[in-house]
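Starting off with a structure, shown below.
Chain IDs A, B and C follow the sequence of writing; residue 1 opens each chain.
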């Protein structure tokens, strides 16, 4: 850094240049990786570079991607959520069962599912804030609670014959020749919404400040407890949306769903360049991270590579992403 | 700016007091005219009524008594240094005065009126700004975001009210002005503060405190982590703050810095104030001796040897 | 700052290329030059269970023989419906003629199967049926009910009228294979669900250590258990370990289903009394062949094809038809 305190030169107040902002964004690496992977697969498979295939990839990442939005919020506060897949599974089975059995109208079932998921999130947040307990432990416990409740409530039966509102997000509309599901559109909109909230509102700044240091945040007058509970509750609500997306995608209520989605969502967040230490990262990076996983899975499948290699590559990429984060932090110190 | 008072979010609660929320001019210029401010009171009166005063503050943690009935007086327009050995209760005192902890007993008065701070936000609402040691800034946020952290400015009108859109441009412009006022030169306000040097970071923290303070600026060890040159720059900043009429409370271990800049020194020992000293009237060695309990001040403010062994040990006779 | 992110970008890019190259070497090497070959998809429940490994080997051999190209995928755990759906979609996008699938969730997979079929893909369930069974074009599977029935009959004959105290070490609730074997065993033994002679029922997930835990718990509950039905041989071996720890391994009869090589050896050494052997290789071979036929002639297979089940034991009893372990080891999988 060449800037020093003297001489007193008035700092620039104008918008920074686009190029500069790009270079200082932690999302550049993941984006480059995604584009490279796309180029690679385009050369290796005729079916890869089509609108239909990309629509498919987005469909395939929308559930984990949406879960990863909530995960991003929590990781930005230097927390972690192991319970999101299980919360989603419970929300999904609740919506499906209530609606399929006609206990309540389908839309009420959806609303209840969303509320229950938000409630799980709020419970996580309150335990993290009030007791206080480490997020890892709280959400590990909640993972088991939600998992068990899912199996108890569903009696391990897959729920079929869902009424139309629950599968509406799985319906498609056309952009040119490409059929896109409403769920994919909703997922993209959610990412944009949270990119806006995190980047353009005071709430977003506070989330980052909290992740940097809860003490700094508290001393600057941010009500950190309320903020933390808010973040976990918001995340829970987003898991509820993921539950609806899951139900609409699979067309059933599945008690076995989401068992690895907690780690998959963390994978997407980390691949997107967000720091597990909190306070650094972008939710758009998480979208890119989720797409990287989806593109590799799809591309390798199209090439005829066995799925175990996707797991191998994802593992390597995760380690790489964390290494890059760690190195860039060390350089700043 | 009508958006801030009507908005329900926590940061907006403080917004009416913010310079950004009340007027487009920087707070330094409005401070003397601000209704609650004492900086504009006549000199004769300010000499008698301390800006910030505490009487008999007590704070206990189990069997440990951190504050044991401490008094505190800060006069208008002065730099008051608070010194004391480790464990003397300096931080507890400062935390009590800035709302970061709540004393078990005792009273705090601002302009002679009793006040209670439930949290740092209360103290800030009343115009007391603090620069905390090591806890000054959010590392990954940029300078402007740090300057406005917790009291962000939103766009006027619909965008701000409904969409809660931040006014990045205004925050950057005002930050730039405040930084320039304190003669802190920076290449860009959009770089994260973790990329700044220690002195620059401290500069950001000081500029933030000064920008928002209407009554008192409290600085906890602002030079502790800095080199010689950067320390000098921070001391210059403190002088500039005082020259604008804002009283400064400076907590420091560094005696030369204290003697260089303080108008008065509050000596804290064993949870109490044991002396108030003008730097010109006592030597540095005497002050250290008072701090460690080797010397005491008698009723005429003359130093008296309290512990001959200790006094001899540090070279006083 | 910018330098480090740029370095990070470069580093990630390099690693991506490296990993892709790695993957290419590992799995995609022999696919070049087969652009016109009929593509067959095989989706198993998991990647690691020897049963599915054997199935994959059978499919690969059959694909090679028929000049077809095989694509494989699997769930991350038993019950991972989402991964199977994703695999179906990707295979349809890749232009497969047919998909062979061992459904992890017999009901939940149905909508995705229907989509694939409406895209003109032949879908054949292997090993376990979907619910309803007609959701796939065809089913190539062991008759799991019969597999259970065989060991039930065998157990009945071996007990020879002794009062039975039975423990059933089952799979997991809601999974058809486990239910069918369990029900078949009860029928073969000549009792109804809820019969008082069944003193303990525990889920094991087909896992050896869980099987051991389950058996330990059952012995706590009812120390005089003398007959153990197990969902598969790993669970059976877990049960054997638990019994041995109590010194009961000699006087308790363990029966099982699967016919894996490890399990068959355990029958040979007497740890397991008898097992119903099934033939994953055959399922896969016949499945690949059916898809290739469809690709060439357009004829679809339909209905249920029993790929056979054989009782393996060295101590035949009561006229229940059985083969010895020598036959079993020649035909075992895994």
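Operating definition for what follows: a residue touches a chain if its C-beta (ideal position, glycine included) is under 8 Å from a C-beta of that chain, and two chains touch if they have at least 3 such contacts.
These numbers come from a predicted model, not from an experiment.
Ranked by C-beta contact pairs, the top pair of chains is A-C.
The most distant chain from chain C, with centres taken as the mean of CA atoms, is B.
Centre-to-centre separation between chain B and chain C, using Cα means, comes to 71 Å.
Averaging Cα coordinates per chain places chain A and chain B 41 Å apart. Mean C-alpha positions place chain A and chain C at a centre distance of 33 Å. Within chain B, contacts with two or more other chains are made by residues 191-192, 195. Shown for chain C are the residues in touch with two or more other chains, namely 1.
Counting partner chains per residue, chain A shows two or more touched chains at residues 20, 24, 332. Residue ranges of chain C in contact with chain A, taken from their complex: 1-2, 4-9, 11-13, 15-17, 19-20, 22-24, 26-28, 31, 39, 47, 69-74, 76-77, 79-83, 85-87, 89-91, 93-95, 104-108, 110-112, 172-174.
Across the complex, chain A meets chain C through its residues 20, 23-26, 28-30, 32-33, 36-37, 40, 45, 47, 52-53, 56, 59-60, 63, 151, 155-158, 160, 246, 249-252, 254-261, 297-298, 300-309, 311-313, 316-317, 320-321, 324, 327-328, 331-332. The part of chain A that touches chain B in the complex is made up of residues 1-16, 20-21, 24, 196, 200-203, 205-206, 208-209, 211-213, 215-223, 226, 279-280, 332.
Of all residues in chain B, only 9-11, 14, 100, 119-121, 124, 130, 132, 135-141, 143, 145, 149-152, 154, 163-166, 168-169, 172-173, 175-176, 179-180, 183-192, 194-197, 199-200, 203, 230, 233 touch chain A in the complex they form.
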